[in-house]
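Chain lettering (A, B, C, D, E and F) follows the sequence in which the chains are written, and residue indices restart at 1 in each chain.
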Amino acid sequence: MFSVTVRDHMMVAHSLRGEVFGPAQRLHGATFVVDATFRGPDLGPDGILVDIGRATEELQRILAELNYRNLDDVEALAGMNTTTEVLARHVAQRLADRVREGEVGAPGTVEAMVVTLHESPTAWASCELVL
Amino acid sequence: MFSVTVRDHMMVAHSLRGEVFGPAQRLHGATFVVDATFRGPDLGPDGILVDIGRATEELQRILAELNYRNLDDVEALAGMNTTTEVLARHVAQRLADRVREGEVGAPGTVEAMVVTLHESPTAWASCELVL
Amino acid sequence: MFSVTVRDHMMVAHSLRGEVFGPAQRLHGATFVVDATFRGPDLGPDGILVDIGRATEELQRILAELNYRNLDDVEALAGMNTTTEVLARHVAQRLADRVREGEVGAPGTVEAMVVTLHESPTAWASCELVL
Amino acid sequence: MFSVTVRDHMMVAHSLRGEVFGPAQRLHGATFVVDATFRGPDLGPDGILVDIGRATEELQRILAELNYRNLDDVEALAGMNTTTEVLARHVAQRLADRVREGEVGAPGTVEAMVVTLHESPTAWASCELVL
Amino acid sequence: MFSVTVRDHMMVAHSLRGEVFGPAQRLHGATFVVDATFRGPDLGPDGILVDIGRATEELQRILAELNYRNLDDVEALAGMNTTTEVLARHVAQRLADRVREGEVGAPGTVEAMVVTLHESPTAWASCELVL
Amino acid sequence: MFSVTVRDHMMVAHSLRGEVFGPAQRLHGATFVVDATFRGPDLGPDGILVDIGRATEELQRILAELNYRNLDDVEALAGMNTTTEVLARHVAQRLADRVREGEVGAPGTVEAMVVTLHESPTAWASCELVL
């Protein structure tokens, strides 16, 4: 089994709804360091699972829609409580769509993806999707 | 599948029993950076797997019993060879108890936990428990 | 010459005024990892430059006034363009006040301070103050 | 389930064959930070999964054959496109051989291995082998 | 006194001339993580020392001339022993030229620069230039 | 002005004397990540400030005297309160001796040294010596 991970980051504002969030109910922000992992059992003929260059571009494109924004106002996230888990799922689903469309170069066979968002040096969350 | 990780650290002395440990049989010490990961298939109604604040507090509480101590003298660890693996299991078991008691906020369903102890920049060990 | 550094972090929203900031003129956010360094020529009788425990508490107290907030609405920052440089200066000045008041334990003689704010893995800024 | 990881690094030159690699078709290089993870269900009588000291030595020995070399000229890699995935598999297979030969101390039962090569702060790849 | 740092990286091959380099006399390679720091006493009217966006672009442009190359064949480095120190000086001098040309946005007054190249997790070198 | 830094680590037990240390008065321990920086104005004929290989060896030799020990029992530290600052000074003085003896290769002229000990991800201390 192989995996390839690419990393990028985004800087966003947001607020969270629910008493469980305490002070994070207020409008605040985060630099999310985002790791996107692609997993599959085999390598393609070039010796790669995915094209790292294409994977990097696709991740950057998805984050660009959120970067330097207040997530409370982003339409694609309307109605969501933009917790780290929910954002990880959002990015994973968007990237999974791109993989299915063949846009990550797909020389091998990607069977699963994990997206991890680090909200600080002491907390992070992941969403794993089977494709 | 989702996961949430919180990180803390502790500074302890200990010695290890067994020739395999070489110089680590002497009384020495470590700053253990401790990552506690909670895993589960679904998010709760607030969009979270666990309450990160509560998870952080519970991890800190468990580490406080060991922090700034000589583990050779800690009763809860009596009879154990406090290797990084054994300490990871100890922390994982203690945290799993707290999850079962509902003290980590449990808005989703935590099915497994992984505790990783980094003993240095070049070595770390993990224990995974299914709840 | 000695120095001691303590690290903490805060999660804030803000917007920046000025065309030079491009998309960062929009309301967005950051996890700022904050390093506070104290410098001085001599160690006190206990063999320390500052009390790391007290330094950590004072840094945390100063960040707590900003943490989980929209800096555009924080009175103490009114009229400021809250760039990373300006925030580093703000935290450094606040900490310097605490040092002068003897609240960082001052067993040695702190002559200078540097506060560094990391806005992302690829960009950070510092402010150095001579006390 | 337990795991133990040791980390080392190597500095190599190489070139990649295939249009997908773009500028990486040219002779260039990398500092690969290499993490070798050993996994197994039980700890041995000393409270360890593997001997960290021996694991470190074996990883270092395998990397020494590649370190400070142009991988295009290394016989053991002849005919391979030395992508990060392929190199991860090479190191994992070599280490797995050493585990099977009992050279990693094997006090517990290692059932699987993962080798991860970080080619930069923003990209890495892993190979997982079941033993 | 203020400073701003931006980080990027490049992946290069090279060899070093001189017995002191031992195995590094062979053709090998490195991922150099490059930090460019700008220092000055005052902030400009926007509250910044340099335009972080422009600084990032200029650093990337300078590294692009070296990235994915064998430095032994790069004309701009002809006759140089491309040690980490020498490469740090090369990048610092190139960036200093850009600062003097006003291409880093220069809203404040940059008086000095430091360029640090990390060749591995355990070794790095810097060159500081006064402008 | 140039600088070269090499990094290593050690795992030690110790206790600190003085009420200011609170729980750290108890026997505990630390993994100290140790950075040794050499500074000088010029590069030698090979294009280096110091021989990184020799610098790494000398740092390792000095740390080996402390590694896997209880510092309360180490003769070379007798009578010292082994705070992070004091240990940084100890390592810096030992390394400075080696530089003066020409054991760090000294192709350039090392004028100053800084030794930094990281006791945890959130606290570190440095000692700078002019040679």
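Note that in this section a residue touches a chain if its C-beta (ideal position, glycine included) is under 8 Å from a C-beta of that chain, and two chains touch if they have at least 3 such contacts.
It should be emphasised that the depicted structure is a prediction, and the values quoted were computed from it without experimental measurement.
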Any chain that touches chain F and chain C: E
Rotation angle superposing chain D onto its copy chain E by C-alpha atoms, nearest 5 degrees: 180
Chain pair among A-C, C-F or D-E whose interface repeats that of A-B, sharing over half of the contact pairs by residue number: C-F
Cα-centroid distance, chain B relative to chain D, in whole angstrom: 27
Distance between chain centroids, defined by C-alpha means - chain B, chain E (Å): 40
Chain D-chain F separation of Cα centroids, rounded to whole Å: 31
Residues of chain A touching at least two other chains: 121-122
All pairs of touching chains, each written as two labels joined by a dash: A-B, A-C, A-D, B-D, B-F, C-E, C-F, D-E, E-F
In the complex, chain B residues that touch chain F: 9, 11-14, 23-24, 26-33, 67-70, 119-122
Residue ranges of chain D in contact with chain B within the complex: 1-8, 43, 46-49, 51-53, 56, 105, 107
Contact set on chain E toward chain F in their complex: 16-18, 20-22, 80-86, 88-89, 121-128
